[in-house]
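These are the structures in question, set out in turn.
You will see subunit A twice below: alongside subunit B first, and alongside subunit C after that.
Then we have the complex of A and B:
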């Protein structure tokens, strides 16, 4: 297989397979969760489930003062790499072109040097997160193979993307193919790992807010 | 597989619903819940990380309710729940957790971890992995009617005392009364002043109220140990008495979990909405305040603070009422850091105080409360839960701190104008 053939497989059938697994997987996971259902609360309500649930989806992104002081590293590093991934994934011009091809519409990009710097910061933040996970007593104790696997497949697209953009090592088509392949790996394992939190966080925060709000507490 | 393990696994399966699945699907192992839990912050053992306490329930969810887990199970790859796991987890779930719910407020994914631990207890108890102290309390609650073994004659003796001392009449089994007051065994045995204070306030407020001789116990060991059937039976006793006396409102006394049991879990445990309202005593008193039924005389000039009982504030929603009431008689009120919905637990709720095995750890984690108190140095602490009150007194003694404890209801009664 020539490097062009490799690239076209990765961009074509490979990508399609990955996206299908991703979408089907996410739908299955949501089905698994929602089909379990939830009993109606029979206690007299003191507040609304819906508004409190929606509120918590937003407010849970902002920690209270004590929590911030006690979990500063996790919060700061967490914010940086999440925003960094968002910016590099959704605001980089070539990515927007790709989205436009797939979903039919695009949106404005931000200058490439900013994306480049963001990618570096995000990679550093993820490395710091890994070091924290391997050294902190609680994180070391909690961490499973899945946590490390998810970390790896999250940082790979950033690293391969950075290398491809700067054309380090080998030819552009091969570098691009490797980058896309790393994204496909991420898509394929996504539904079956904690990466699902990207979607279920809304559900989980909603339930938390709803349970609390029903009792008249803002959570 | 032993019969009891089988029961435990079935009990865990029954706990899984869409909330449980959404919560477990969202955990990213960030560890922030550990920083929110006094059993981790004061001791430093990572096994006490709140989300780790839910492991038995998580394994059941994963192996039975996820595609990957089920496939893994066929190849023996998905972790199983066995007696060894439950034995190991017993102390984590019962001794190192008060179900205070602080972790549930901090989790960035919004996981209600305390709810998951509460649900895990259902499986632990069914499999025979609950602590002796809680089993004993639950047995006494079912057979005698009180976790402390308090029978009606004991209550009658205290009521007679109050009636003799004050000349007031304590109304018993009055049909059609507006309010039916419940009491905790702790109040009957250790703080009968609560009965006197409530009688005084209610008489002054001019409302009709009563105590049922058939269902006066407010506490519910069933929800602490995690046996829904027993919890439902204890709630049903109150429902029957309230319906028999045709009262409008049942009052939960100064006890945290009693309020959770009757107010929030009660109707769900018995499977139908109540025909009466349930209010915490502080909610009722605050209503009296709003209606202008409370005339207060004299102010407390000492530096007072309020300890929020977790099940009343964070898990119960009664947060501003105690502050409104304290404001009526306190001139020098000061809040602890993190007061209100983010308050730190005293360390002995959720059945921990009924579990002798946890005596050492509950006093160790009291260090958190000590640190909070050291920051504001109050002259006295007001609370609204007898269990918090007993444990706070224990803790203060252990750490050589001389700060008196006051009940909100009792202090308010002392300030009623004649």
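Then we have the complex of A and C:
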């Protein structure tokens, strides 16, 4: 298989397979959650579920002072890599082109050197959270194999993307193909791991708030 | 040094030929300096190149054209002015080239056989076009299949220069579904040094550069992992493109006639393959340094890369998927939702029947 054939495969059939697994997986996982069903709450509602739920989506996304002081590193590094992934994934011109091709519309990009710098910062933040996970006794004890796998598939597209952009080591078609392949790996693993939180985070926060709202307590 | 007027053109060294064509020593040395810098050699090499070229004897060259369009030959012979490069090209003893030679039929084939015998082990073999392996009858010359002619002629060659993407990587004949079973020279010949000079067509100066290297050192230049001379194919078009700053700034032409196209912005979104293509177009340019495809407003097709024809569409940006992912996504989503609903319904009925079958435990049961 030549380099260009490899690149064509990851851009074509490979991407197709990954997207099928990703979409089917995410929807089935969502179906599982939504169709679980809840027992009817026989207690009288003491407040609104909806407003408390929606408020909680926002309030739980902003750390309170005590939490921030207690887990400063986790919060700062966590926010950096989440925002970094958002910027590199959604604001880089070639990525936007890919989205435009699939979903039919695009949005403005930002200059490449900013994406480049963001990618470096994001990679450093991800390395830092791994070091923290492995050095903190409690975190290490709580970590499962899945946690490490998820970390790996998250950082791989960033590293391979950075290498492909700067053409380090080998030739450009192979580097680009490896980058796309790493994204496909992420897509395939995504629905079956805790990466699903990208979709369920709003849902679960809403639910937390809704329980409190029903009971008439502050969430 | 005076030129011996009686000396046959065939016996003259390259230096003598150039002087007989009115090339001054100064221009000749300038050419040697340019060649040295183009091929990334130290300035100390300039006198050596000059000396080697001066005293070089006409090398015999046999040029075989297989499944090709003659574009490579056109590219190499259609120089507008007589440059030293083209004179070097003229200087070689092109003993067989069925497009350019006057002889035809048996005469032409005899010329090839004679050149092979006289220069056995020393001649250069240039090949353009791919070789059909599906059926020998797909492409023949004088009744000889391309495969047989290549294998026969390659035996006595000092080195082989595969010219054009067809000879180097199969090219257009090799494109999916490859009806003739086309293969490259490198896939058939393993025991000779092969220099791949891909491009559709390749840049003329790359050919003369390789010839100069061969005449000067008697060896082939350093090659990359797919057999291309590193000096010409060492950098991607994208890295040497004069439109690169626009890529970095995020300024792209969206169509061929929008403001971005008129302002000369980056052609990435129009499908430019510059980022994955290694060639010298952006630096040596075409037509005596006039321009190259991107400069004239068209994205790079990636013609010097293997399988460029099947690379997913010339006008599709590199980051775009090549299959219809939208359709895939919609079908998958519909299927997944249907499967989810079916599973949900099954679970619900299971739950209902479990509720119905549920027996309440009484105190009596526990006391049993």
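Keep this in mind: the second predicted complex is superposed on the first by the 219 of 219 C-alpha atoms of A that agree within 3 Å, B and C clash if a C-alpha of one lies under 4 Å from a C-alpha of the other, contacts with A are read in each partner's own complex, and residues count from 1 in each chain.
Following the convention adopted for this analysis, contacts are C-beta pairs under 8 Å (C-beta built on N, C-alpha and C of every residue); 3 or more make two chains touch, one makes a residue touch a chain.
Note that this is a predicted model, so its numbers are computed, not measured.
In the superposed pair of complexes, A:58 makes contact with neither subunit B nor subunit C.
Contacts of A:28 after superposition: both subunit B and subunit C are touched.
In the superposition on chain A, contact of A:5 is made with subunit C only, not with subunit B. In the superposed pair of complexes, A:167 makes contact with subunit C only, with no contact to subunit B. By the touch criterion defined above, A:93 lies against subunit C but remains apart from subunit B after alignment on the C-alpha atoms of chain A.
In the superposed model, A:139 lies in contact with subunit B only, and not with subunit C. Judged by the touch definition given at the top, the superposed model places A:147 against subunit B, while subunit C stays out of reach.
Applying the stated contact rule after C-alpha superposition, one finds that A:117 touches neither subunit B nor subunit C.
Touch counts on subunit A: comparing subunit C and subunit B, the chain ahead is B. Counting contacts as defined above, subunit A residues 28, 32, 35, 37 meet subunit B in one complex and subunit C in the other.
By the touch criterion stated above, subunit A contacts subunit C in their complex at residues 2-5, 7-8, 11-13, 15-16, 19-20, 23-24, 27-28, 30-32, 35, 37, 93-95, 97-98, 101-104, 109-113, 167, 171-173, 176. Taken together, the subunit A residues at the contact with subunit B in this complex read 28-29, 32-39, 41-44, 46-47, 56-57, 60-61, 63-64, 66-67, 70-71, 74-75, 78, 136-144, 147, 192, 194, 196-197, 200-201, 203-209, 211-212, 215-219.
Interface residues of subunit C facing subunit A in the complex, by the touch rule stated above, are 169, 224-226, 236, 238-239, 247-250, 252, 268-269, 275-278, 302, 305-308, 310-312, 317-323, 325-326, 328-329, 332-333, 335-337, 339-341, 343-344, 347-348, 351. Residues 16-23, 25-32, 34-36, 40-41, 44, 46-47, 49, 51-52, 65-68, 104-112, 115, 263-268, 271-274, 277-278, 313-317, 319, 337-338, 341-342 of subunit B touch subunit A in their complex.
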